[in-house]
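Please see the structure below; I have some questions.
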């Protein structure tokens, strides 16, 4: 702490209005970062998640609104093939394991663990991004064929955008974990990245149900 | 074009219902407005003056202000009651609007086009179906069911003196029930922004006594009058062999396109171009020569006709009573 | 993305007024007034036989309002293609009784003036003459649209998908064919 | 307050030059690059407010043009094509580039000061959001000047705005502008929520948050749940236009009303996230000029929350003329009536405050009083529009134009002008001229009513909205002329405001820290505030910190122990604002600006080619990574300060 100048006294003026002056609240003893809901980054991430969850919800609502207006569903085409979507669902769910391993490693400041975990996560990310290509192939409809096609392509596309961004985040973060510069707060970033990853995984489940199962009922 | 267009001069039960509700709501709102603003002015008038130096009164934070609270609470309760009353009145009127008796209703189908109205009088007997444009005629006292369709974008049919508006939505079918109890001509126009000439997509609804209406209808069912003099004949030939017949229809001739207003009885209409200009030979000639000058953006193309031809065409159209 | 698209971006983002960008969205709502000579008019009604014009319309050189890169003109052209039932023979450009318009083959030439001529005077084996039936301005709009069907217009100006059954990809998304004149020879008949 | 008791209280001599050091730490870097790298919430807030005001003036000029065109029947000043672009851009500008952003701009500047913080939670994101907003606005006006202005109305109803009836790129620019402003608005909302929940001064529990901060917090939450709808909608629109999707093509299973649902699900709440901040200004100003806390703080907070919830149940009352099921309509009528209750509650509370207070008549209060007269009328006409039958008559007529201006100008712009007069001394350190201020108010007030009151009658007399002209024999001429006169008067009064602001900025009377004798924390900072806001961040002991003594007996009154040479501040717990940890803020950086430029290129390019999304995102990834990448030197400093949780 010696290198750092601190304000450790009652300054002249600027003490709120006519409050009877009490003592000072010295916060130098407090931690310089925190995990989970205690960290600001967690709230920021939560905000992003709220927005994107709303977008997904709106898109799903659109899907069913269009369906409610349509004579039949899916509009004169076959429902999507189940196989690739289901495979990807399993990969995504499996990725939760290394993801949480990374999260715990981060929370216990275990750099080696974080590095390993993030590499595993990136491997999973690569896997589901590749499988995602086959998913688009197995939709049995083009986005410009009819409104049903537009809806499923947009729904799948929206989620793919999240996979890509999450993959990019993780990649940058992983590199940083190897090259540095590192400080304790970087572990918070890793933990929040893991939280976002969870969102991308669990947001997929309803979307999977809508894209692959809704047309079958 | 001197027909009235006013929501507060109802000429039929539907508009009348709404007009009553309007006056009722206005009264309730006035009753809410006056005391509220009165209370504000009164408190400003009697409140002691102060400057920024005046020490703030923070005592009230600790001790509850029972009297003020009861006043505010009762004000809120009263406005709540007023709102409930308005809600009730609104729902009641809404219900009444849906209850217009429809026995032996006249069925009209209105299709919105940019920027004119295609009007088709339906009839169980196909030979009694006919089309006209931009001018609706209805019998006084008889209910009319208007089926609303759109050919391009969203339009909205609105004749304030007879009823509120209803949208014409592409891909959907809506209906509107009206009845005119007073004979007269009521102007309406498109109320949903539909592009360049939204401003001049007007029409009229004329309510005629039953006998006059039947006469009008019989006349409309007739095919176009055969031209007698040479000039008119030349006009008809120009119409049916030139570019007019590419979009327009005239019953009893080879022209039967539906892209533009049906001109079978165009001479009997008050206005040209959906209420844009009065239907005079001069206006008609100007319109044919350069519609863009009169209604910029309209889909009718300019026709650079030699003088004689223009004259003949206008004369012919003038015979289509 | 197209070079024109890029210029548009630069224009818009830099607030530089590039004519390319302006003209493309311009809407000439008032067509040029015209005087000029009065052509002789056939006195007997004319049917839709090939090569025989209808009477009435006075033609002027000032009425050459062709703009193959103007979004509004192209869109009007598309509307007229529908209204005048060109699809009756050419379908949505895929061709039927008449030759396809989406491909690179042009029997009677792909230049605007050649297409104008084709529409105005008709061609042997089925293409009627529309002289006197369609005003010049509209013919020029049709010319622009017909060219856009094989991707000759900028994707930033060509029409997008219509509100209707989409038989073929929108003109704005067509691949630009390299037009070549194959005629004069009878139009390809497809069963 | 357990943690606080743990925290040891030092008493030593003042550290020499603490203020100078802090100033150096928190100020924006010098030079042009420094200016572009600025992330201080006050710098960004100022630029944000000025830009929003600029767009307000631009939108006003468009409105003036419309009024001149409509001044007399069959007028040919502007043709239909230009008129359609003008009214579309007027609505779009006022809603997306002025009303919503200006409120967020005020929040970016004021909220940290009001809660005793030194910055917004994510200052770099704040800067990025501002640049996105600015570039989006410039894009749409550039498009307009290039003759490519959107022309389908600010609501861009399909199919008119769709590929078939909206040729060219005009409406694509509109749809993309939405993306710009939504990105900006949503990021700012996250920023404000986190700031309010985590950076409040110790002791500022939920029950002690100033009402303006409450309003902005609730607004931010509304934005997060409302804006995605229109963002998705405009994306569908641009996809329909660019890559031939069929969301709005009824012939291929699409639906025209889908757009209206998505748009109004956002569009109606939007009215309230313009209006609720206005309520916040009202509460702040009324308390100060009635020399007493606002009556019924809990009722006020509850009302704001109730409004924000009910606001999501109103959207269909914009669609009564379509064939939506009757039962649904009745429900939405009920909601429209119900939402009047919380607003009425607040109005009554304010009147009670004024009635039991001692009134100091200054310009800010005048604008607040203008609010009462105008907004109450607007609210009542709102009730009429909420009723299905009446709406069927007045919907899409000038009656609605009158109503919405009474609500938005009365409910938001009048409080906003009041707020500008009120906080001008805090922002600039100088008072605005009182005499000019009074002229500004009375001209605005008179001009407004002359301009918009006649429109009620025009609407009932059958004049529809969005017509570029009207025939003489409709008899609408005189009232329209009157309305135009009012519009000109408003223009003059706004000009007066500009003159007043520019003059006062240079020659206004020097303002003290607390020129109005107000109670909230921003008045404890200097005028204008130092880069670090508070030399010693305050500890709050009540709802009116500058008026009443601390309620927490023996509690400390200010925070010490924060670094002077690193941007460090205290993060507190969300509910009762107990000290939690020392939060280190990022340094200024050029990368948010560069990222905004890259994003702008991507967005505009994607109007012309879907592939721009692909290469564009790579273009954006680079600066964003650079933005995130930590600097070694900074990390060293942080490590010195580091203390693990």
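Note that the chains take the letters A, B, C and D in the order they are written out, and that residue 1 is the start of every chain.
In the analysis below, a contact is a pair of C-beta atoms (placed from the backbone, for glycine too) under 8 Å apart; a residue touches a chain by one contact, two chains touch by 3 or more.
Predicted, not measured: the structure shown is a model, and the values here were computed from it.
Consider the two chain pairs A-C and C-D; indicate the one with the greater count of contacting C-beta pairs.
Pair with more contacting C-beta pairs, C-D versus A-C: C-D.
So which chain ends up closest to the centre of the protein, judged by Cα positions averaged per chain?
Chain D is the most central one.
Centre to centre, by mean C-alpha position, how many angstrom separate subunit A and subunit C?
Here subunit A and subunit C have centroids separated by 50 Å.
Report the inter-chain centroid distance for subunit C and subunit D in whole angstrom, where each centroid is the mean of the CA atoms.
Those two chain centres are 48 Å apart.
With chain centres taken as the means of their Cα atoms, state the distance from subunit B to subunit D in Å.
For subunit B versus subunit D, the centre distance works out to 37 Å.
Give me the residue numbers in subunit A that touch at least two other chains, ranges are fine.
Only 144 qualify.
Could you tell me which residues belong to subunit C and also touch two or more other chains?
27, 29, 161, 163, 166, 169
Residues touching two or more other chains, restricted to subunit D: which are they?
In subunit D, residues 79-81, 159, 165, 240, 243-244, 246, 249-252, 255, 519, 547 touch at least two other chains, as defined above.
Any two chains that touch count here, so list every such pair.
A-C, A-D, B-C, B-D, C-D
Taking the complex as given, what residues does subunit B use to touch subunit D?
1-2, 5-8, 15, 17-18, 21-22, 25-26, 29, 32-33, 36-37, 39-40, 42-44, 46-58, 60-61, 65, 68-69, 71-72, 75-76, 79-80, 83-84, 86-87, 89-91, 93-94, 97-98, 152-154, 156, 158, 160, 163-167, 169-172, 174, 187, 189-199, 275, 296-297
Can you list the subunit B residues touching subunit C in their complex?
152, 170, 196, 237-238, 240-243, 246-247, 259, 290, 292-293, 296-297, 299, 301-306, 309
For the complex, which residues does subunit D have touching subunit A?
Where subunit D meets subunit A, its residues are 3-4, 6-15, 18-19, 21-22, 116, 121-122, 125, 186, 189-191, 193-194, 197-199, 202, 224-225, 227-229, 231-232, 235-236, 239-240, 243-247, 249, 252-255, 258, 261-262, 265, 514, 519, 521, 523-526, 534-536, 538-541, 545-547, 549-550, 554-566, 568, 570-571, 574, 579-584, 617, 621, 625, 628-632, 635-645.
Which of the residues in subunit D come into contact with subunit C in the complex?
My answer: residues 79-81, 135, 138-139, 142-143, 145-148, 159, 162-165, 167-170, 173, 240-244, 246, 248-252, 600-601, 604-605, 608-609, 611-612.
Spell out the part of subunit C that touches subunit B in their complex, as residue ranges.
27, 29-31, 33-34, 36, 38, 41, 45-46, 54-60, 63, 76, 79, 83-84, 132-135, 137-138, 163
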